[in-house]
Every structure is written in structure tokens, then in C-alpha cells.
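So, here's a batch of structures to check.
Shared chain: chain A. Partners: chain B in the first complex, chain C in the second.
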Partner chain A sequence: MADPLNSMIGPVLIRLPPTPALSRVLRLAASGIAAMAGFTVDETEDIKIAVSEVWLALIEHGGGEPIEVQFSVQDHVFMVRGQAAFGGFDVDHPDLALCRTVLAGVCTQHGIELVDDHAQIWAAVAHASIT
Partner chain B sequence: MSEMEDSQSLTVERDQAGVIVVHGDVDVAGGPILEAALLNGPSDSQVIIDLGDVFFIDSSGLRCLLGVSRRAHEQGTNVVLRHVGNEVLRLLQITGTTDQFSIEDGRG
Partner chain C sequence: MNPTRHQTDGDEVWLQEALQRYATYRDKSLRDEIAEHTSWLATRGARRFADCGEPFDDLVQVARIGLLNAIDRFDPFQGVPFGAYATPTIMGELRRYFRDHTWGVHVSRRAKDLRPAVNAATEALSKELQRSPRIAEIAERMRISEEAVIEALEANSAYRPHTLDMSGRTAPRVESDVDSVLNREVIARLLDTLRPRERQILYLRYFEELSQAQIADQIGTSQVHVGRLIVSSLAELREHLREESPPDG
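Showing the complex of A and B:
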């Protein structure tokens, strides 16, 4: 039987309007993918927090533009990437400090960036066996 | 028990003892609902929030709780978090904000 953590999943791309209530939809999708990939319950909780932080930051700082969120699992790492086409994204906005702290606590790596006039936020949660 | 706010993701009630009872996810959708409910309460008394039915919180929810805590401290009182589950406790620990609240009981 194949080890689910050795499998590659995605990328799964979801494009959504910047509606706060859709945060739950993203967490549900992320949970399902994490379960398919064999992540533990605690790791899945961290993934849900990371997804929520990415969504929250783009809702509050993405200029009201539609948001694309991408999930993937590769090499035992769950990756979430979110982006919105908003050139005015302030990566150093003080309100993002708490978001950064939380991402640093639940992710192995993360980034909040302005790339080609797109607000981009990504977070990676690795399976415990490789951290 | 009178209902203060309602949505699909979060409801906030105040019980007969004045405890604010939260049900649902305190995220970017639920945080503002909780914040509005807390702002509508009396400002000069201790705030007790029952989080026993909260199984998810992110930094937007935490920001709301920290705002209430700050206002309470300015009034010379504090915020009590009751029936706190591991999900909430983990976020408080990650952010180093546990000492901003009085934590009475775990979820049990």
C-alpha cells in the first residue's frame, strides 16, 4: 500500500470572492486534502490555522479583489498559496504582525510578499517526520 | 438566555449570570460578530467569556479578544476565558498572549 505522505496532491486551485464566511470552505477543503495526504490531526489543525491566516490577510489587505488559493502536497509538505491582484498591498502593515506571528508558530516556512502587483501569501506545514 | 448575534459561523449569547457564551468559529467572519457583541456589554464590570463551544480561532478572533482585554485593563478589570479548549490555548501560547487573560477552566 502506498504511503500517502509520499504522494503528490494538487495543485488544487480555488478562486473565490473576498467574502469572510468562505474561510470555512477553505479550511474544509484543506482538511480533506491533509487527511488524504496522511497528516496527523495536530498537523491538520495547524494547516487550518495557516489557511485561515492566508485568507484573513488577503481579505483585509487584498484590495477587495477576488482571491486565488492554491493547495498542494509534495515531499511531505502541505503548501497553501493565496494571491490577489492588488498592487497597493502593504507587506509591512502593522495589522499583519499578528498574522506573521501565528504563521511562524504553525508553519515551517511562510512568506508575505508583493510580486508583480499581486499580494501573495504562502505557508508550508511539513509532516513531523521531516521537521 | 437572550441571543445577541447570529450567523452561520458564530453565535454569541449572554446568559443570566452575564457570561458571554460563544458558539462557533472565531475567524475573519466570526470575529467581528463577537467584537460587536462584546462592545454592547457593560464596560465597567469583569468580562467572562465561555469558549467551551469554540473549536477554531485565528488571529482575527484573537485580535478581538485582545481588544476586549485591553479595554478591560483600562477599566481596572480583566477578561476571564472559561472552558478554553486546546485550539484556543495553542493560539494564545503561540502568540505569547496567555497572560492577557485569566483562564479559569479547560474545556474538560
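Showing the complex of A and C:
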């Protein structure tokens, strides 16, 4: 049987209105993908926290437009990338400090960027506990 | 000399003076004193939602956040009674809590029912395997689908702790450890708003970078409980951050 951690999944793209309660939809989707890829419960919890953080930060700082969230797994790394059209996104806003701290705690890498007039936040969680 | 709140007849006078001093000097200890003095406003507000299925203690905590916000925003020089100003702020905080923190998306009966068993299996497998289990391993152990496990685990996150554990251990101070983090003053100030247990958990997770399972071992609780406290603490920090932000964001 193939090792699920060697599998490549996605990208899976979900576009939602910026409503905080919809984070559960994203968390469930992320959990499903993480399970398919063989991530552990611990790692999946980290992934879900990262997904929530990306989602809520884009709602609070993204300008009110629908938000696109993309999930993928490649090379044992789960990637979540959220983006919303908003040229006024302030990547240095002090309120993003919490987001940065949380993402730094649960993710291998993360980024908060303004790319082509889109607010973009991404986070990567690497599988580590199973060899 | 500071007026004392123990003089019943002078309560209103004390409150007015205290609010004026707080508006001028923004002394956090004075804010706490005012909050204690007016905590009945929070209790009264929470009581109005007491039949909505949420633990009353949680409602009081939410209402107290609204009360603190009211104290922060109140202008005592406008001649408006504090109670008249604080009540809608408290009610707004409670309504927002129900909007954002209760089951915003339907959680199935099955997920709610499976939640305790999935948690137990997760803990048992963690001990057996000496690592966090995969979803598939839990599903296999319980002879249920992976989807059911995922739903039950997510129900943990959607489900707030009944009581936020305030007991216990002394949490480490974090200021010196936050040096490497951007905006450390913001984070340190936010963490200081949490209860010691929650502050300790966030400290261990985000600054010591321990896993939820490792934290659970260290503080003597379950991984699931740690996960729940992280989610609720982050929500609380976010709320503080939002309240501190200027209206124009």
C-alpha cells in the first residue's frame, strides 16, 4: 500500500464570503485533506489552527471581498494559502502580530504579503513525527 | 486620597470619580477596581441569556469583557450614567459571543456523541504508539469512518470548555522570551490579559514550541483539553486585539 505521506493532493480551491463562522467549513476540509495525506492528529490540529488564523486575519484585514483559500499537500508539507482582492492591505499592521506569532508557532513557514493588489497569507505545516 | 468603594452611600460618587481618573490616567489596576465595583452589570446581562444553553460562568466572563470595553470607551465628562452606557456594550458582547462562538455551523448529533469516545481513543493510541495517532488509526481502532473521526475532532474545537480552568500553576512570565518575535510588546500585553493557565499553555505552544500532546503531559491534562484551551484563548486574544484597535482599523 502506498504511503499516504508520499501522495500529492490538490490544489483544492474554496471561495467563501468573509464570514467568521465559515472557518469550520475550511477546518473540516483541511482535516479531510490532512487525513488523506496521513498527518497525525497533533499535526492536523496545527493545520486547523493555521487555517483559522489565515481565514480570520484575511477577514479582519482583507477589505470585505470573498476570500479564496487553497489547500495542497506536496513533499510531506501541507500548504494553506488564502487571498482576497484588497490593494490596501497593510502587511505591517500591528494587529497582524498575533497572526504572525500563531503561524510561527504552528507552521514550518508562513508569509503575509501583498501580491498584485491581493492580500495573501500562506502557511506550511510539514509532517515531522512519522518517519 | 483615593476614594474607597466600601462606602455604600458614596458608591456613585466613587464610581464617577474613578471613571474620570481612569479616563485621564488609564490605570489598568483602577480599571479592574471599577470592573469589580460594577460587576453586577455583567452578571445581570449574562442572566438574560441564561436559558440559551451556554454555561452561566462563561456568559459572565463574556459579559465582563463587554464591561471592560465599556469602561475603556466611556467618557465620564459627557454626563451620561455609566450603567446606561455599559449595558448595551455588554449585551452587544454577549450577542457577538452567540454569533461567533457557539455552533455557527450545524454540528451533527453523531459528531457530538462520538466526541468523548474519539478523544479517549486518541489519548489511548497516543500512549500506545508514543506519538500522535493518524486519523486512520483512530478510525480503525473505533471501527468508524475517517470522516466520523474528523467531525468528532472538529466538534472539540467548536465546543467551548465548560469552565476555563483558573486553578493552579504559576505561569512563566513571557516578556523576556518574546524578544525574537515581531511586535513583542503587543503580544506580551495580550498574553497578560489571559488567565495564568491559558497563558502558560500559549507560552508553551508558541514560544517553547511544544506540541499539544507534550503540553498535556507537562501540565497534567488531556491533549484534547489543551487544544480546546488554545482555540478559546486565541479567540480571546483576537477579541482583545480587535477592541484595542482604532475604529478605522
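Keep in mind that, in the parts below, the second predicted complex is superposed on the first by the 128 of 131 C-alpha atoms of A that agree within 3 Å, B and C clash if a C-alpha of one lies under 4 Å from a C-alpha of the other, contacts with A are read in each partner's own complex, and residues count from 1 in each chain.
Note that in this section a contact is a pair of C-beta atoms (placed from the backbone, for glycine too) under 8 Å apart; a residue touches a chain by one contact, two chains touch by 3 or more.
Quick caveat, the model's predicted, so the values are computed rather than measured.
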item	value
Partner chain(s) touched by A:105 [first = chain B, second = chain C, both, neither]	both
Contact breadth on chain A, by residue count: chain C or chain B	C
Contacts of A:88 with chain B and chain C, given as first, second, both or neither	neither
Which of chain B and chain C A:49 touches, first, second, both or neither	both
Chain B versus chain C as contact partner of A:59, first or second or both or neither	first
First, second, both or neither for A:21, with chain B first and chain C second	both
Which of chain B and chain C A:41 touches, first, second, both or neither	second
Touched partner set for A:32, first chain B, second chain C, both or neither	second
Common interface residues of chain A - those touching chain B in one complex and chain C in the other	20-21, 24, 27, 45, 48-49, 52-53, 56, 60, 98, 101-102, 105-106
Complex interface listing, chain A residues touching chain B	20-21, 23-24, 27, 45, 48-49, 52-53, 55-56, 59-60, 98-99, 101-102, 105-106
Contact set on chain A toward chain C in their complex	4, 20-22, 24-25, 27-28, 31-32, 34-35, 38-45, 48-49, 52-53, 56, 60-61, 94-95, 97-98, 100-102, 104-106, 129-130
Residue numbers on chain C that touch chain A, as the complex places them	99-100, 104-105, 122, 126, 131-136, 138, 146-147, 149-151, 153-154, 157-158, 181-183, 186-187, 190, 205-207, 209, 211-213, 223, 227, 230-231, 234, 237-238, 241-242, 245, 249
Contacting residues of chain B [partner chain A, same complex]	7-9, 25, 27-29, 32, 56, 58-60, 62-63, 87, 90-91, 94-96
